[in-house]
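In what follows, structures are represented as structure tokens.
Each of the two complexes below includes chain A, the first together with chain B, the second together with chain C.
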Partner chain A sequence: MIEIIQSKHWIEWLINIAKFAFAFVPVLFILLLIPLERRGAGFIQDRQGPNRSYFRLPYFGKIRLFGWVHNASDGLKLFFKENYAPHGVNKLLFLLAPAIPFAVVLIAPAVIPWFAPMVFTFGEEVIRISGQNVNTDVGLLLLFAISALSAYGAVLAGWASKSKYSLLGGLRTTAMIISYEVCLGISIMGILLLAGSFRLDQIIAWQDAHVWGVVAQPVAFFCFLIAMIAETGRAPFDVAEGEPELVAGFHTEYGAMQFGLFYMGEYSHIGINSILVSILFFGGYSIPFVSTSTIQSNVGISLGVLAFVFVFAILAFLHLLYRYSRYLKKSSYANKSAILREYSLYKIVGWAAAALLLAAGVISIMYFKPAYTLIDGQAVYGIGVALGTAFIQILVLLAKAVFFCWVWIWIRWTLPRFRYDHVMNLGWKVILNVAIVNLVITAFIVKLIGD
Partner chain B sequence: MLALIYFIILGGIAVGSALCVLLSRHPLYGAISLVVTMVSLAGIYGLLGSPFIGVVQIMVYAGAIIMLLTFVIMVLNGARDSRTPMFDRVSLFVFPAILILAALLAFALLSSGISFDPSAAKVSVELTSKNLFNVNSDGPGYYLLFEGIGLLLLSAMVAAVLMAKKNLSSKNLENNEEEI
Partner chain C sequence: MVRQVKQKPMNWIEKLYIFEAFRGLYVTLKHALRGVFRYETLPTVPYPEQKPEINHAYRAKHRLMLRPDGSPRCVACQMCATACPAKCIYIEASTSADGRIEKSIQRFDIDHLVCVFCGLCVEACPVDAIRMDTRETSYVHRDRQSFITSMEELMDWDPKDYPEDDFQSQVAPGGKRNKEALDSWGLKVN
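After this line comes the complex of A and B, so read on.
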């Protein structure tokens, strides 16, 4: 035991343990995704969406946080509802089934690299830390293998409920998963051939050195995106829980937090999948034309630019608020004074945050000048630079992932849903063949160009 | 030491759930126990320094084959089987056979004196692929077996499609006759 503890420096242990927190990032995506989904659906369907709940502050009145409070209270309601199992269900499997998809989303992100491998000097020692929790050769395969297991949740739920709708939903989930897993696997083979590795960090390194995967493999990108959406079982591919046909599919008989677990599993799965799309086809944590070493040597300026980007986003948000306030003042809504009072809080917070970030950015640009030591002809910086770089890269990755979350929602509320046989035809007769042709052509080109 | 503890835990789960496959009366419970066996076997492969085989084990067996198995069980509406007796006269031959086989295996393994060092057996994916697809004439020639198995699977698939097709066409014919 002692040898294992002594094999690493204490700071290495500390960062490695802190990295475990990343396992919860896809689960935390739920906090963002559920309001985004419900308000986004409202936005696409030209209505308000859920934004009625509020909490009260002394001067500002009702604070609704753009519907976030409403969704949080919906979640809270699910937590405190009674767990209920209908008569005749298979108790053990009925209780076990919702845990499976949720457990899977905690394990699957273990191989996702959140930042480029860190190298920094700490005291006398040079410390290297990889960007993912599980640093293994099989990377992407491990992620796929574990996510494939999440279908068992749906299957067991469908069977244990002892209801015809649930059983049909479970059956359809199995069929969907089997057909689209094949497409998923084959569509990414092209990019794997190009990068020559299953490791996600090496795939990102290849994209950093050459071009983004979406440029090198546009066909594969679309196959992958469609297969991904189908695999999460959302509309337009929601045959497993098609509301017009199967009530709610495999989770018809579930209520309260048991349903909530399925729901959270699905949304975290979307989170993982959007992170995966941004890693495989959009360069992951890398920024185009800016390499990791450039960020490291100009870490102060990079952090400053990051702060300015945030300031810009906040200013855009404030602009939106001011425009809407002007519109409200002219209108004849009965509750306009309450809304304006609520907005005054957002304006104060927004200006304060903008000023703080601006100051932080300027200070960072002016005073954050990293010192480095040369090791093997490469500049190695201190721990501050390494953590700053990692912070920037995590934010870049998450920004790309959030954009793809929006793509998911966008597609769901725009396209009409497919019929079951259409989904199967699309999977087996179109996407699979296109993906195979793409793979063969890519293999030829890779062989011709040579490694 | 740590590897040994992991191995004992995983081995216990694997053997226990494999016993569950044999002893459970419901086919679906059997299938689920089989999934647990496969996943713990994958863990053992990973422990032995070949994570690639382990992951493929989860992907192919747990993710695809047993998924198909549960699909079939659910389609056929498999139910608890309480008519077939757990033990009958055949068991009289089977149990001694199993015991003798286990004893022989244990004797062979113990007498060969295998010493296993997991840190020495770290096999990367690159090494696996280079060994498998070594097309040199003095190489191991695994790629020939690989291609052969690919061909075999392809022919099996074609045969399955043909058999399914035949049934489909005959059904269509019947339907047509009814319509006429």
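After this line comes the complex of A and C, so read on.
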């Protein structure tokens, strides 16, 4: 026991334990995804989307946070509803089923690298910390193996509900997950051949050194994206819960937070898949034309640029707020004074954040000059530089992932649902074959060019 | 007559689906960006705070038209009550004080819970005494009895709410056109 503890420096232990927090990132994606989905759907359909709920602050009155409070209170309602099981269900399996897809999303991100491997000097020692929680060679395989387990949730729910709709929904989900897992596995083989490793950080390193996966493997990217959407069971491939046929598919008999767990499992799954797409095909945490060592040697400027990007985003947001306030003042809304009062809070917070970030950026550029020591001919920096670099890389990865979350939502509210046999035809007759041809060609080229 | 709609067959690009899917994505993206950057141009309105613009031609709650002296224009001919398919109009007549007119109304009730807002009463009225242009679409009461709207309530409207170029509509106590109307009626102008 003592030897295990002493095998690592205490700062290494601390960072490694702190890294466990990344297990909750896909779950936190729910907080973003549900408002994004519901208001995004509203905007796409020329509606305003849910924005009614509010909480009160002393001076500013009703704070609605652009609909975020509405979604949060919907979740709260779900949480406090009675758990109800219909008569005749298999009690144990019925209770167990919703937990499986949700448990899976807590385990699956263990192999995702959130930042480039950290190497820094702390006191006398050189400390190395990998970007993922589980530093293993099987990497991507482990992730696929775990996330495929979520099929059990659907199967058990369908079986335990003792309802024909649930059973059919469960069967369809299982069939879809199994058939699209095949496409998924084969479509990424090309990029794995190129990178020569199952490790996600190796794949990112290859993309950093050469080109993004989407440029090297555009066909594989499309196959992967379609297979991913189908595997998550989202529109246009959500035949498993097609309302006109199956009520709500495998979770027909579920209510309250048991349904909520399925829902959260699905959304976290989207989060994981978005992160995976951005890692495999869009360079993950790497920034094009800027390598990790460049960021490290110019960490002050990098952080400053990051702060300026945020300042720009906040200013754009404030611009929209001011423009809409001007419109509101002229409008005939009965509650326009209340809305303007609410917006004054956002304006204060926005200006304060912009000013603080601007100051932080300027200070970072002017004064954050890293010192380094040369170890084996390579510059190794201190812990501040390592953490700053990791921070930038996490944000880059999350920004890419959020974009893909939006792609998921965008596709859902655009394309109509496929018929069940069409989904299966697409999976087995089109995407699988395209992916295999792509794999063969890639393998041929890799062999021809050599590594 | 059967009209046959000829569908244009899809060409091979459309049959591939993927390109048409991208076209659809472009359309939805435009709408989504409009919601973010031009929020005020969305066609929907947040209902209780902002009321939608309703046309005067919309068949809403009824009103009884008035003569310039403030009495109801209705002559109690029972045409509207007869035309009403829902039988929601109840009229009690009495002798009119004006010698030129035979009857006037004592009571004129419309049960708005029974009313189907078909507008047949407006069509039937020979003297244009009843109209449905108040633009009031939502009126809420706590009990059923309150939905039976009395004559006084139907006559209680403000000429300012109605378009000024409507000559008849302005003929009410306080209305701008009253002088002309009284002239045309051959009555003395007070």
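Going forward, the second predicted complex is superposed on the first by the 451 of 451 C-alpha atoms of A that agree within 3 Å, B and C clash if a C-alpha of one lies under 4 Å from a C-alpha of the other, contacts with A are read in each partner's own complex, and residues count from 1 in each chain.
Operating definition for what follows: contacts are C-beta pairs under 8 Å (C-beta built on N, C-alpha and C of every residue); 3 or more make two chains touch, one makes a residue touch a chain.
Bear in mind that the values here come from a model prediction, so they are computed numbers and not experimental data.
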Looking at the combined model built on chain A, do chain B and chain C fit side by side or clash?
fit
Of the two partner chains, chain B (first) and chain C (second), which one does A:181 touch, if any: first, second, both, or neither?
first
A:413 in the overlay: touching chain B, chain C, both, or neither? Say first, second, both or neither.
second
Mind working out whether A:171 is in touch with chain B, chain C, both or neither, as first, second, both or neither?
first
Partner chain in contact with A:158 - chain B first, chain C second, else both or neither:
first
Expressed to the nearest 10°, the angle that the Cα centres of chain B and chain C make at the Cα centre of chain A is 120
Of the two partner chains, chain B (first) and chain C (second), which one does A:291 touch, if any: first, second, both, or neither?
neither
Please work out whether A:42 is in contact with chain B alone, chain C alone, both, or neither, and reply first, second, both or neither.
second
Examine A:138 and indicate which partner it touches, taking first as chain B and second as chain C; both and neither are also allowed.
first
Which partner does A:334 reach: the first (chain B), the second (chain C), both, or neither?
second
Could you say whether A:324 touches chain B, chain C, both of them, or neither, answering first, second, both or neither?
second
Nearest CA pair across chain B and chain C in the overlay: distance in Å?
27
For chain A, which residues lie in the overlap of the chain B contacts and the chain C contacts?
none
Which residues of chain A touch chain C once you look at their complex with the stated criterion?
39-40, 42-49, 51, 320, 324, 327, 331-336, 410-411, 413-415
Contact residues on chain C for chain A in the complex?
21, 24-25, 27-29, 31-32, 34-37, 39-40, 42-44, 46, 48-50
Inside the complex, what are the residues of chain A that reach chain B?
4, 136-138, 141-142, 144-146, 148-149, 151-152, 155-156, 158-159, 167, 170-171, 174-175, 177-178, 181, 197-198
Mind pulling up the chain B residues that touch chain A in the complex?
2, 28, 32, 35, 39, 42, 51-52, 54-56, 58-59, 62-64, 67-68, 70-71, 74-75, 124-126
